[in-house]
């Protein structure tokens, strides 16, 4: 569980380079993790449904890179990215998806409802809007400790009651919470413009919440924006809002042929694949070589293979008595 | 009569009622163009037009409020709440608006409204996409709760629900969508249970997927010399206890099999009515339900969680 | 049940004068009705709780004056004004509040949940936000007939989930609905600014909903604004929003000492009493004499006295079997 | 020990727990500065400060979400949902977040959260401000439902609820706010019923206002030679059926008196458990509830609607 310091500045160019290389590694890990999940799902080993984060990696990785030990994150059913970005164990997460006893929730929660408090993940919430309520409440608690809560959610979620109620609530009490709307253009199979009046960004703005729309596929942009937002929230300036424009490369969930996508849209976005963008940026900014990055890719393969292997060999949990309540 | 899938039976009922009655409209999240996440409602928008079949924002409360208001205005809305687990988000409108209107208005107007929803465990969808919503609504006067177990009943009961002048919660068990059966154009009567297997030794009253499990259990039991009578309740509010009581007169033993938490479910209501009205006929009566905790994701946990055929047979043999 | 034509223009000055004299009469009727309710409540004859419209009369009267036969209204627990403005029988409404068999809902609903479809009142909704959902749905039905739905609700309601969800829903489908937010500065005992981020008016605006803030105590302003809004809605221009600034002269409900009011606030608003404003306007604009208006006041007293008398003498409903469902 | 009103007992419990434990916070609509619409919580903000006791926007879902999230973050929130009729608006957070967290997190964290709410009919508040919320939540694993009938229990049970590590729905019957009784600083045990009157002829199991009606009925019955045992259930989830069964062993007759719709309420759960576990002891068992329609406003209708002392006595004598 590696945790970055919450500062946006760097002590040295080398440190900055190393940090972003680390972020690249995490993004790569997420991508390949999701690829594995897809495969395992097709093999009938991951069950039910999955919502993959492929294409959106820069969002969770960039945002979580600025969080400190006292901060907490509420994610969604599309939460593997946030979990791995926070340092949730790859094997434990995979084991959870495989329904094993070694899963982070012992197979109880599955893909959509992962909770790992030790890694600052207060939960993945599979009710649209649930993450917003959860983070708003967490911020109420964190106000006492100087921590900041982060809520991830999608464009479609801007129309669900939790969104306006909690944004207003957070604003009224100036809670330290950063709302990260990952606008991937669709809620399930429906283009967000078709069901959304006006611009999402205006919704927080008119409440008096600092809000900006950014390129969510550029991890530098995401990190810098998030750093500033978290800093403001921590300084008592109240809730912050980031609309992070991105795109998912895969279906909404299990069986989704993607018929709703505009022609050529996927290809256009693939050109802005956050992994490609990051690789290019690492070369351009810090002279990191393709070979060095390929080595990282390779180490990700190994970590992942080991995780999948271990998780696949882990036992299933035994049915047995459950304690309905804590303390009896 | 052709065999068709449960999902297609639902779609046919919608299609036929949309065609028959211009006041019927159907809306929900991703139901129209995409045809629904369970591939139930494809083609309806093309056929009946975007004014009558449409996709909404992810705004459950608005969907339910809009359905209620449009019913006051003379429409017969059918809405889909994608997973029954999301029903708490619309509960205010259903409970405080739709269910009360007929009474509060002194019968000026009733609310012909159908809420279709996919419910139930077994699909590895986890604790927040697998729940049974019945207990949340069973204590709400003014609402009917319909829970079919076969394609034929699904079609005939959905048609009945759409024609019913009152709010109806129409529960579709996810694990039944792909089962096949016959369906015709009949309109069923809401509120009637059906004896789907006769037997003299024990009565199994259940609904939805439980009916299939109970029938399988009955076969196992039969092999051991125990003949179970299986009752498909089909409607859970109001529940047809008369049919259960009649059966219990004969069998004197009753197990109510509910896919839902042990405490506070509809099986309790069935047992309570049987106790009140059939005490003299009962030698033994009990419930078989899911335990009182959230629905687990992991396959062995979820399988153990749901009362299946084996558990039903064992429970009966174990008394 | 008198219904105005939905036009905002007038055929002659005499007609205009007569119309506003009629509106004055309705406002006066509402005020005195509420006074009676207050008295009857203190006498223990109206039960439970009541939410009076005193001070806000120009809102419902102005808005409802532009509605036609095909239009429908959803009001709130503070709904006597809307009911009377729509022509609900004074006696029937009073009998409802007194719990009598002759009440418009036969004593079933009481003050907070009155329904009178014959008079275009689809209901008073006692869940904050309920009227918004109801009118949005009604608009879905009215789209077919050229009718327009109106939702009344208060400032505090702008923070409840129904508000943003339904405004967006109505916008997305361009439903013929006019949202009338009666901003009386308080939700119960809490000043709306204390619990509300930003300006209410911006909330509909950023969704692309035509919205304006008006002096809700001037019945001319209200009527003209509402006429234009209803016309636009009827013409297919989608939902409309009016924030009508007003003030309630009495407590939120039964026992409310009003400790939350800013000092002098009530007195300031009393100077802008919609009845005073209307009387002055009728004199200034059309030369209507004080005597003529006093006569109207007197006729209101008589109508009200007769209604209270009849309602008070009406029998209570008999408990008896109730049909839970229509058709069995 | 001084007598105090039920409302003041609640306030004292809040006050003492706020003083005792810095992680306790309390918020809701008009609860802080105005002190609540039922004048229950006045003075708490002055005493404990606006960071710990505060007024919120009219945003029930945000209130419940904030309570849940803050509990994950280490607080022990108490929220007020002004009228129980508004609980459907917060049901998603309670059911899908708070109630499931302990289980889904594999016991990483439980949610110590109290939802206070004013419930019940008899105040002429009409159909949407008088409901009993119990049936909506009785089938929700992970939630406790506490329903006191006296100031003493109200205080001791609210203190217990605040100290409980799980979500608790704390139901305050509106018609009890002004009753007086003794209360000390005790912390009660959630889940224990109490025999409040002994008698050998019939058992009356009830809760909240029903307890007072049952006790009055018992006096009437006693005058006619029938001695009723009255059980105050005090907690409705989990419900202490053991105490009921023990009583029924003696009386063999049981009436469960519930202020709530006949179908699908908690009385059904009590009867079901009694049928399952005490069949041999029962000669007669039935429910007395409100009818299956919304709560009327008109006084004679509402009075007839609620099962009061007379109706209870008559029901028992009429068997």
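A, B, C and D are the chain letters, set down in written order, and residue numbers restart from 1 in every chain.
We take it that contacts are C-beta pairs under 8 Å (C-beta built on N, C-alpha and C of every residue); 3 or more make two chains touch, one makes a residue touch a chain.
Owing to the predicted nature of the structure, the values given are computational and were not obtained by experimental measurement.
Shared contacts of subunit B and subunit C, meaning chains that touch the two of them, come down to A, D.
Taking the mean Cα position of each chain as its centre, A sits at the greatest distance from subunit D.
The distance from the centre of subunit C to the centre of subunit D, with each centre set as the mean of the Cα atoms, comes to 36 Å. Averaged Cα coordinates give subunit B a centre that lies 30 Å from the centre of subunit D.
Subunit C has its Cα centroid 47 Å from the Cα centroid of subunit A. Counting only residues that touch two or more partner chains, subunit D has 56-57, 59-61, 85-86, 89, 92, 96, 100, 103-104, 127-128, 141-142, 291-294. For subunit A, the set of residues that touch two or more other chains comprises 106, 108-109, 113, 127, 159-162, 165, 168-169, 172, 194-196, 322, 324. If you draw each protein chain as a dot and join the dots that touch, every dot ends up joined to every other dot. Across the interface of their complex, subunit B is touched by residues 47-49, 99-100, 103, 106-113, 126-128, 156-157, 159-161, 187-190, 194-196, 253, 259-260, 316-319, 322, 324 of subunit A. Against subunit A, the residues of subunit B that register as touching in their complex are 29-30, 33-34, 37, 55-61, 85-86, 89, 123-129, 291-294, 296-301, 304-305.
Of all residues in subunit B, those touching subunit D in their complex are 85-86, 88-89, 91-92, 94-96, 99-100, 103-104, 127-128, 134-136, 138-142, 237-239, 260-261, 263-269, 271-276, 279, 282, 284-287, 291-294.
Those residues of subunit A lying in contact with subunit D across their complex are 72, 74, 104-106, 108-109, 113, 115-118, 122-123, 125, 127, 130, 132-143, 147, 149, 161-162, 165-166, 168-169, 172-173, 322-327. By the touch criterion given at the top, residues 25, 51, 54, 56-57, 59-75, 77, 92-93, 96-97, 100-110, 141-142, 144, 164-166 of subunit B touch subunit C in their complex.
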